[in-house]
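Next come two complexes, and both contain chain A; in the first it sits with chain B, in the second with chain C.
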Partner chain A sequence: MRSYIIRRLIYSVIIAWGILTITFILLRVGPTSPVDRYILNIAARGQDVDSVRQAIEARYGLDKPIIEQYLLYMGNLLQGKWGWSFSASQPVLDLIGSHWIYSFQLILLSTIFAILLGVGLGILSAVKQNTKFDYAASIFSFIGISIPGFWLGLMLILVFAVYLGVFKTYYDTGYPIWSVENLRQLTLPVMALGIGELAGYVRYTRSAMLDNLRKEFVTTARAKGLPERTVIGKHVLRNAVLPLVTIIMFDLGSIVFGGAYLTEIVFGIPGLGQVSFNAIFANDYAVVIAVTLIGTFLVLFINLATDLLYTYLDPRIRYD
Partner chain B sequence: MTETRSMTRGKAGMPVYINRRLMNYYWERLKKNRLSLVGLGFIVFLALVGIFGPLFVQDPQKVDFEIKNMPPLGCSIQESVYDIKTSEFTTTLINGRADHPLGTDSKGRDMLAMLIAGSRISLLVGLLASGMAIFLGTFIGVLSAYLGGWVDNALMRFTDIMMTFPFFLLLVLIVFIFGPSLAIIVLVIGLTGWTGAARLIRSEALSLRTRDFITASKALGASDARVMFNHLIPNVISLIIVMATLSIPGVIMAEAALSFIGLGDPMSTSWGTILNTGQHSLDTAWWVAVEPGIMLFFTVLSFNFFGDGLRDAFDPKASV
Partner chain C sequence: MTADTVLEVKNLKTWFYTRRGIVKAVNGVDFTLRRGECLCLVGESGCGKTVTALSILRLFDSPPGRIVEGEVIYKGLDLASCTIQRLRQIRGKDIAMVFQNAQSALNPVFTIGDQIVEQINAHGQVSRADAVAKACRLLEEMKISQPERALKMYPHQMSGGMKQRAMIAMSLSCDPCILIADEPTTAVDVTIRAQIMHILQELKANRDMSIIFITHDLSLVREIGDRAAVFYGGKVVEVDTVEHILESPAHPYTIGLMRCLPDISTDSKRLPSIPGNTPNPIDMPAGCSFHPRCQEVMEVCHSKDPALMNIAGVHAVACHLFSAAGGKN
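== the complex of A and B ==
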């Protein structure tokens, strides 16, 4: 088991290195330079654009050959130096350190919301198969899967903020993270992000439950005279959990720079999505690489955690 | 050769047949799923609108500030104008007009014309990009499964890297670097979206590879290319069709999301671009944000319905 984990960790580092290299190349072969953002200011001050550009490039080592820049960047990274953000004028780690919590709270809350409601509805839907409730849940999940999350966000703002005035149209960073006001203003973003996930979970839970409901051990459990509650909760649900965990963990990995990214932009939440979005437009390559790496490590960690979770959930699975 | 079969590729004695009777069987199965027919109907309607619609409406990019923020036919809004001389508000009622049945946006562009132009873009990007992704995925998957060894290893490790990459971040990054144009958007989605297909096709091809008819054709002296193109790929074709259909919604949403955050092709009108305009006029012109989203929603829903129906029709184990 331990050797398996070590192998996986080494493999993860290799993949992360591959992604880092691809991102670095993409950023440095692009036609725009991080210096571009200074050009207008420089020109406005009447200085010679080219000489200032060269000075800035020399200062940040941008004039060196790309291979040398790459080695320099890698060397710094291995020493734990993540670089300097041009656009925010602060170290990359500080920038990320002050923004990650906004993404984290959004993703955490919407995931909890989606799992609780989605799995619950899915179980009910499977137990009441082919009833009106089941059909309603199916239609709801089809709708939820097909609604673009960012548009749902816009519609929620339109109805609840613009017309009904129940919520504000923008995210107010003035409230502390641990406050009721903050929780309240996260209602719409959490719904916008969570409903798509929720709809997926309803579908997967339902089909996983139905698969197991037909199994013989369920008939046996019922024949033994166990109450239906126990049959569903202990015999069917526990066996349906494994495929669900796969889906939920996969979603968790892809949501960070997928749905959450757009939700942050729609609602103006200053999380990592917003940070990386601004960094890309400012060609702030240290930030882009750092954020990409964080996303990558997150996905790799979640993949590993999923595989390890399997062995706990299903003792028949072994990786030796 | 019987009447029920027609030859599609007739090289040297071993043609790939399209079996008419089997096609009829699939069609009969598909027809039983009403929702998938509704989906197909809407897709066909949208395609017709996209192809012929632009002939009947005005130029979607035509700006006319005289008629800006005109509500859809049957709706009316109150517009307050502040008169600087009398310092009084005058409120006028603006009614929707028949010549702009779906209203106009904040630059006076006709919504109907823009939506029609958008349906063209969405379908075009959806079909081209997912076609490209599935083609690449099939090619890589079959190659990997059939050749095995170090080719398989290298291709699958590369797939791992691509799968771990934060997908949307990569899209934003590349589109920003190479400039927003339709060709770039299609290329990027096509070149990054093949990973899931490659894995699925690979696992399918791996199990096919050991089957007797493959061994037989190899024993008869068939070349690798022949086995791959005439035996392996025809046997995964139904899987490919289903995957392509079900991947289109994701592509359409990705394109809309890119345009929404301002990375759409500035020369063309896409639903995402309209949403971008609508986001800023939620309080003055709700329809600009509502209408393209509804189109997006129904398009994605239709592809999901149709894809699900196709999957069940092709799956001999599914009851329809």
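== the complex of A and C ==
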């Protein structure tokens, strides 16, 4: 088991390195330079553009060949220096440090929301198979899966913030993270991000439960005199949870890289999605790479955690 | 109902409402189980033995299954109509079941110990240590070596025979009055089968327990049975002591069935069989369901379904040959 984990960690580092390299090259071979906007500001004050550009590029080593820049960047990264954000005029690590919490709270809350409701509805759907409740849940989940999250976000803002005035139209960073007001203003973003996932979980849970509901061990559990609650909630669910874990963990990865970005932009939440969105437009490569790298490690960690969770959930799975 | 009757099944009908029609899997079953006896339910595949066993504790899938008629009387309580809460107290406690295939009947993600302890806890306040100790004793009784180790094992870590014995141990964990064993030896090889049969025989001798033993293997009936009920087309067609069923059967179907037993004392090359097929449970023949295959079919058999009638004491048979309408007796 330990050798398996070590092996997986080594793979993770190699994968992260690969992604880092590709991201670096893609960003640096582009036609624009990270200092373009900076230079434009200076040029607007009447200084000579070319000499300023040369001076700044020399200062940050941007005039060196790309290979050299790459090695320099890697060397710095290994020493824990994540670089400088030209657009935010602060170290990348400081920038991320002050924004990650906004993404984290959104992803955490919407994942909890989606799992609790999605799995719950899925279980009920399976137990009440082919009833009105089941059909209603099916229709709801098909709609939920089909609607893009950013559109849903806009519609939620339109209805609940503009027409009904129940919520504000924008995210207010004035409230502290640990406050009821903050929780309240996260309601719409969490729904916008979570409903798509929730809808998927309803379907997956339902089919995973149905796969196991007719198994013989369920009859055994009933024959033992166990209450239906235990039969469903323990014997069936415990067997149905394995495919669910795969999907939930996989989704978590796609939320980190996809859904949360868009939701943050729609609602104006200053999380890492917003940060990297701005950084991409400013060609602020150090920030883009840093956010990509964090996302990569997160997904690799989630994958490893999933595989280890399997061995706990299903004793038949062993990796050695 | 006599004093030593522990379970009485009366005119039980369990039907399955499927898209293709109503499957009358159990269609008027009668039998009684006496204290301390082993009653064998025998018959071909699809004759309704297993559904009858599942119906006693209402364990069939519902929907589509439903008990449309009949009673299952246990200690004055009708299990076919009592509340599910009441039935749950009976399940596993008074009446326990052993299933055909322990591999799929045990939950793969829990240890054997957990699964046995769970059943003990479902029927009474027992401390974890006491429950584990009891589980351990039961595994020992089932002749499982190193029972403490076996408690911590998952089903996939055990051999087929071990799983089936663990399953029996689990069914005995609340000291039931009735054990229903549904073809417990079908999924195991012959040596394991001998072990399991040996264990069941010991249980019968050592515990005050009645056994309903379901099988299509007549040699096992001889080994363990006291009485046997022969099933055909979702009904009991003959009930008698095992000796009589095997040596002097009365119903034409039972006679045919016994003729199919290979006999090593003769040197016939071809094993006899009953002509025709088992009836389709969606579309049962009118009258006696056996009449299309019966050698002694009469006019009345096409239209009238014979009732199970007592002939002499323990012996009952459902055939017009023995009724007033047929007029042999």
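We adopt the following convention: the second predicted complex is superposed on the first by the 319 of 320 C-alpha atoms of A that agree within 3 Å, B and C clash if a C-alpha of one lies under 4 Å from a C-alpha of the other, contacts with A are read in each partner's own complex, and residues count from 1 in each chain.
Everything below uses one rule, namely that contacts are C-beta pairs under 8 Å (C-beta built on N, C-alpha and C of every residue); 3 or more make two chains touch, one makes a residue touch a chain.
A quick note: this is a predicted structure, and the numbers were derived from the prediction, not measured.
*Asks:* Between chain B and chain C, positioned on chain A by superposition, is the outcome a clash or a fit?
*Replies:* fit
*Asks:* Have a look at where A:Arg238 lands relative to chain B and chain C in the superposition and call it first, second, both or neither.
*Replies:* second
*Asks:* Using the superposition on chain A described above, determine whether A:Thr220 touches chain B (first), chain C (second), both, or neither.
*Replies:* It touches chain C, and chain B stays clear.
*Asks:* Answer with first, second, both or neither: which of chain B and chain C does A:Tyr319 touch in the superposed model?
*Replies:* Neither: A:Tyr319 stays clear of chain B and chain C.
*Asks:* Identify the partner contact of A:Thr296: answer first if only chain B is touched, second if only chain C is, both if each is, neither if none is.
*Replies:* In the superposition, A:Thr296 contacts chain B only.
*Asks:* Examine A:Ile157 and indicate which partner it touches, taking first as chain B and second as chain C; both and neither are also allowed.
*Replies:* In the superposition, A:Ile157 contacts chain B only.
*Asks:* Roughly how many degrees, to the nearest 10, is the angle at chain A when you join its Cα centre to the Cα centres of chain B and chain C?
*Replies:* One gets 80 degrees for this angle.
*Asks:* Which partner does A:Tyr261 reach: the first (chain B), the second (chain C), both, or neither?
*Replies:* It touches chain B, and chain C stays clear.
*Asks:* Which chain makes contact with more of the residues of chain A, chain B or else chain C?
*Replies:* It is B that touches the greater number of chain A residues.
*Asks:* When the two structures are overlaid on chain A, which partner does A:Ile280 contact: first (chain B), second (chain C), both, or neither?
*Replies:* So A:Ile280 only meets chain B here.
*Asks:* For A:Tyr135 in the superposed arrangement: first (chain B), second (chain C), both or neither?
*Replies:* Neither: A:Tyr135 stays clear of chain B and chain C.
*Asks:* Please work out how little space separates the C-alpha atoms of chain B and chain C at their nearest point after superposition, in whole Å.
*Replies:* Chain B and chain C, overlaid via chain A, are at closest 13 Å apart by C-alpha.
*Asks:* What residues on chain A touch chain C, complex-wise?
*Replies:* Residues in contact with chain C: 214-217, 219-227, 230, 235, 238-239, 313-316.
*Asks:* Where on chain C does chain A make contact in their complex?
*Replies:* Residues of chain C touching chain A: 54, 57, 59, 61, 88-93, 96-97, 99, 101, 104-110, 118-119, 122-123, 154, 156, 167, 170, 174.
*Asks:* Give the list of chain A residues in touch with chain B in this complex.
*Replies:* By the definition above, chain A touches chain B via 15-16, 18-19, 22-23, 26-27, 29-32, 142-143, 145-148, 150-151, 154-155, 157-158, 162, 169, 254, 256-258, 261-262, 265-266, 276-277, 280-281, 288, 291-292, 295-296, 299-300, 303.
*Asks:* Using the touch definition up top, name the residues of chain B that touch chain A in the complex.
*Replies:* Of all residues in chain B, those touching chain A are 160-161, 164-169, 172-174, 176-178, 249, 253, 256-257, 260-261, 275, 278-279, 282-283, 286, 289-290, 293, 296-297, 300-301, 304-305.
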